[in-house]
Amino acid sequence: MTAITPLRARLGATVVVLALVVASFASLSLHTGEFFTLDSLRAMGRFVRELVQPDLHADFLRTVAYGTLETFAMSALSTALAAVIGLLIAYGASGVRPVLNVLRAVPELAWASLLLIWVGLGPFAGTLALTLHTAGVLGRLYLEALENQPQGPAFALAAAGASPLQVFCYARLPQVLPQLLSYTLYRWENNIRAAAVLGVVGAGGLGQLLSYHLQLFQLGRASTVVLATLLLVTLVDLLSDRIRHDLG
Amino acid sequence: MTALPSRGTDPAGPGRLLAVILTGLLVWALLRLTEFHLAVLFDPTSADAMRGFLAGFLPPALAPAFLLEVLRQTWLTVAMATCGLVLALALGVPAALVLTRVLSLSALGQSLQRASPAGRGGRALLRLLLVFLRSVPELVWALLLVRVVGLGPAAGVFAIAITYSGMLAKVYAEMFEAADPGPVVALLRQGSGRLQAFAFGLLPQCADELISYTVYRWECGVRTSVVLGFVGAGGLGQMMDQSLKMMQANEVTTLLLMFVLLVGLADLISHGLRRVWA
Amino acid sequence: MLRGLDLTLAPGEQVALIGPSGAGKTTLLHVLALALAPTAGVVQFGDKQPWALSSGVRHRLRANVFLAPQVPPLPPRQRVVTSVLAGRLSALGAWRSLSSWVHPSRREIAEASAALQRFDLADKIFERVDRLSGGERQRVGLARGLVSPARLWLVDEPLAALDPVRARQAVQALTEAARDHGASLVVSFHQVDIAMAWFPRVLGLREGAVVFDRAPADIRPEDLADLYGGEGVPAAMVTATMTSDPRPSDPIAPAPMMLSASPTDGPAPSRGAPAA
């Protein structure tokens, strides 16, 4: 196909993309000039100065620590639940592909704001939201992995009269398990970031603390929360990397 | 029966048992921490609230004025992602070039690990900065930026630009490092400048991957910019946030449909671009 | 592509299948294993015709067959014990197969290690499959058959990854185990000498048709040269040879397995079983 890709198509695509870029900048009117007036620079300076003085009082640190733990729990539980759902889908329900696409297309934050109406403020809504979105993502990845694997082992067992469940457990699943685990871990790294921000709509965790203190202009406290987020994200990245390495 | 080997039981048994117990404890702790009570879903008051809301979902809001606004905000969402990505490229590409050791002049003629101390220190610092940029979630950047530049798409654009420049720089640098250094070194030895060496030695090798990853990032950017609206960066997210706060369920339906459509469209465009270019 | 092929197996009979690459050995084994439906002709198990039955009933019949493909079909990260026990899944319910998957019982481990013992692999029982050599993996694939309840074992080129000594051991283990289990055995080989030395009945297959079907003592060197000969013998002649050849009929036992695809016809490609 590449050999006959006409130059014209490339040129056309390039023109379209350039037009998109120009139109984007034109319609957004970012007013970058305004940011560099003396006043706004001074305001920015004040903002940054307060931000680099995190609030490290023991009481507040305890609050942040609990928020961190909650965020961690939301990401871990939702990833695990989504993995289970994804596996069930991949085993028995390849017909739900369109549902998976909808689950995937609606962002976690939108799911969270919808679920808040149902289950109220707090980490439960956030966990459910992450679970729904992640189930969509993992379900599709799992389905594809299981479909694209070599069929030899499954064929051999089916030829010996094994049931579909037995073929799944003894041939299809073990064959792709490392791949599925790796997808799941990547998704966890993604979910820890998402869990850290779901709170801005009221779904618990560090995000809730962050948006609360920002609203009160307590920048020192906000900065502590950002630091905690950074720490948590880095830790989960390292942990997930480690697990992947150990399993690989 | 033939003689049995000495090991009659599964040596992995105790380990598996321990793993099951630990997993059980962990899940219990996680359920407690996340206040996971499925019963809440079926609690009469909350279920009624949801049912009332769901009842309003259909039919979707299709008033022409509303639809027009949705389209306008959809475009803003796409524009936000596009501007964010362009700015991210402006920051990320130079950073990636600096990080690429093959392009280091001080290392020329020595082994690649032997760049000057200043060069190495600078690169380590830059790398750290980039990790910081991409590890703070986009939404947190947006929340902070909204305080600085006010409500509106600018906060979203900069949030995307900041996070994505960190990601782009990292991934680009990895691609450059994975390429064959031969052509670059040859050019540098002839005395050509770094940019020339990059353009003629490195770029042709990685062009396809670069384009493919950049287009993919744009696709992610569209998703992200939807989300950023929830904290006041404009676009579809902000509309959805407002409709939810006003409990306008039928508007939410329209917006959700638009999300799905937009994500699907971005997916299509990105596939198309990758096919034509890469 | 198989054609003009008529084959009857007695219970406990041991048959070697030889012939050049592409002769249809694998296809024949797959048809016998009910893994491939013949486009024409009949497969018969005892008095049943599997392809005339519903797919559920047919699938239960598959418990009577064990097929060991040429490439051992073992997921890389599975442990040997699980891979071997997978051979008897058709005899287990859903619950038992799940519990054995998570934690094989003492009895199951004993059973698996007895099967592995025959192939000199008992010490590898808790290894992961991808840590084994190619030859070891192939023997694990064979040990799987020993735990299966099947009464017909179909083995496709079991010796490809084995050195000569191991190959001899493996054939001996396989034939002995089949005798002990009272199972019929059909093995395809590239090694003509092994086939002739160990099997009372050797089937020469070429271009999808049977060239000879005799005891090794009755196979002349010319037959082998003909089987593997470079100048392609016309298919029509091969079929003619086959149909005029007195096939050793087996009056002693009722046949548990019968395969017949247009027995006395000339070459009729459209009526043969398709290649996999």
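All chains are identified by letter, namely A, B and C, in their written order; residue positions are counted from 1 within each chain.
The working rule: a residue touches a chain if its C-beta (ideal position, glycine included) is under 8 Å from a C-beta of that chain, and two chains touch if they have at least 3 such contacts.
None of these values were measured; they are calculated from a predicted model.
Trainee: Using the definition of touching given at the top, classify the network of chains in this structure as line, ring, star, complete or other.
Mentor: Chain contacts: complete, every pair touches.
Trainee: By count of C-beta pairs in contact, what is the leading chain pair?
Mentor: Top-ranked chain pair by contacting C-beta pairs: A-B.
Trainee: Where centres are the averaged C-alpha coordinates, which chain has the largest centre distance to chain A?
Mentor: Most remote chain from chain A, centroid-wise, comes out as C.
Trainee: With chain centres defined as C-alpha means, what is the inter-centre distance between chain A and chain B in Å?
Mentor: Spacing between the chain centres: roughly 8 Å.
Trainee: Averaged over CA atoms, how far is the centre of chain A from the centre of chain C? Could you give it in whole Å?
Mentor: 50
Trainee: Round to the nearest whole Å and give the separation of the Cα centres of chain B and chain C.
Mentor: Centre separation, chain B to chain C: 53 Å.
Trainee: For chain A, write out the residues touching at least two other chains, lowest number first.
Mentor: As it turns out, chain A has no residue touching two or more other chains.
Trainee: Mind pulling the chain C residues that touch 2 or more other chains?
Mentor: Within chain C, no residue touches at least two other chains.
Trainee: Quick one: in the complex, what on chain A touches chain B?
Mentor: Going by the criterion above, the answer is residues 1, 5, 9-10, 13, 17, 20-21, 23-25, 27-28, 30-31, 35, 43-44, 47, 51, 69-70, 72-74, 76-77, 80, 101-102, 104-110, 113-114, 117-120, 122-124, 126-127, 193-194, 196-197, 200-201, 204, 207, 210-211, 214, 217, 222, 226, 229-230, 233-234, 237.
Trainee: Show which residues of chain C lie in contact with chain A when the two form their complex.
Mentor: Checking each residue of chain C against chain A gives 30, 33-35, 59-69, 71, 73-78, 82, 86-87, 89-90, 92, 94, 97-98, 101, 148, 150.
Trainee: If we count contacts the way the header does, which residues on chain B are in touch with chain C in the complex?
Mentor: Within the complex, chain B touches chain C at residues 1-5, 7-13, 16.
Trainee: What part of chain A is in contact with chain C in the complex they form?
Mentor: Those in contact with chain C are residues 152-163, 165-166, 169-171, 174-175, 177-178.
Trainee: Sort out for me which residues of chain C touch chain B in the complex.
Mentor: These residues of chain C touch chain B: 79, 81, 102-104, 106, 109-110, 113-114, 117-118, 122-123, 125-126.
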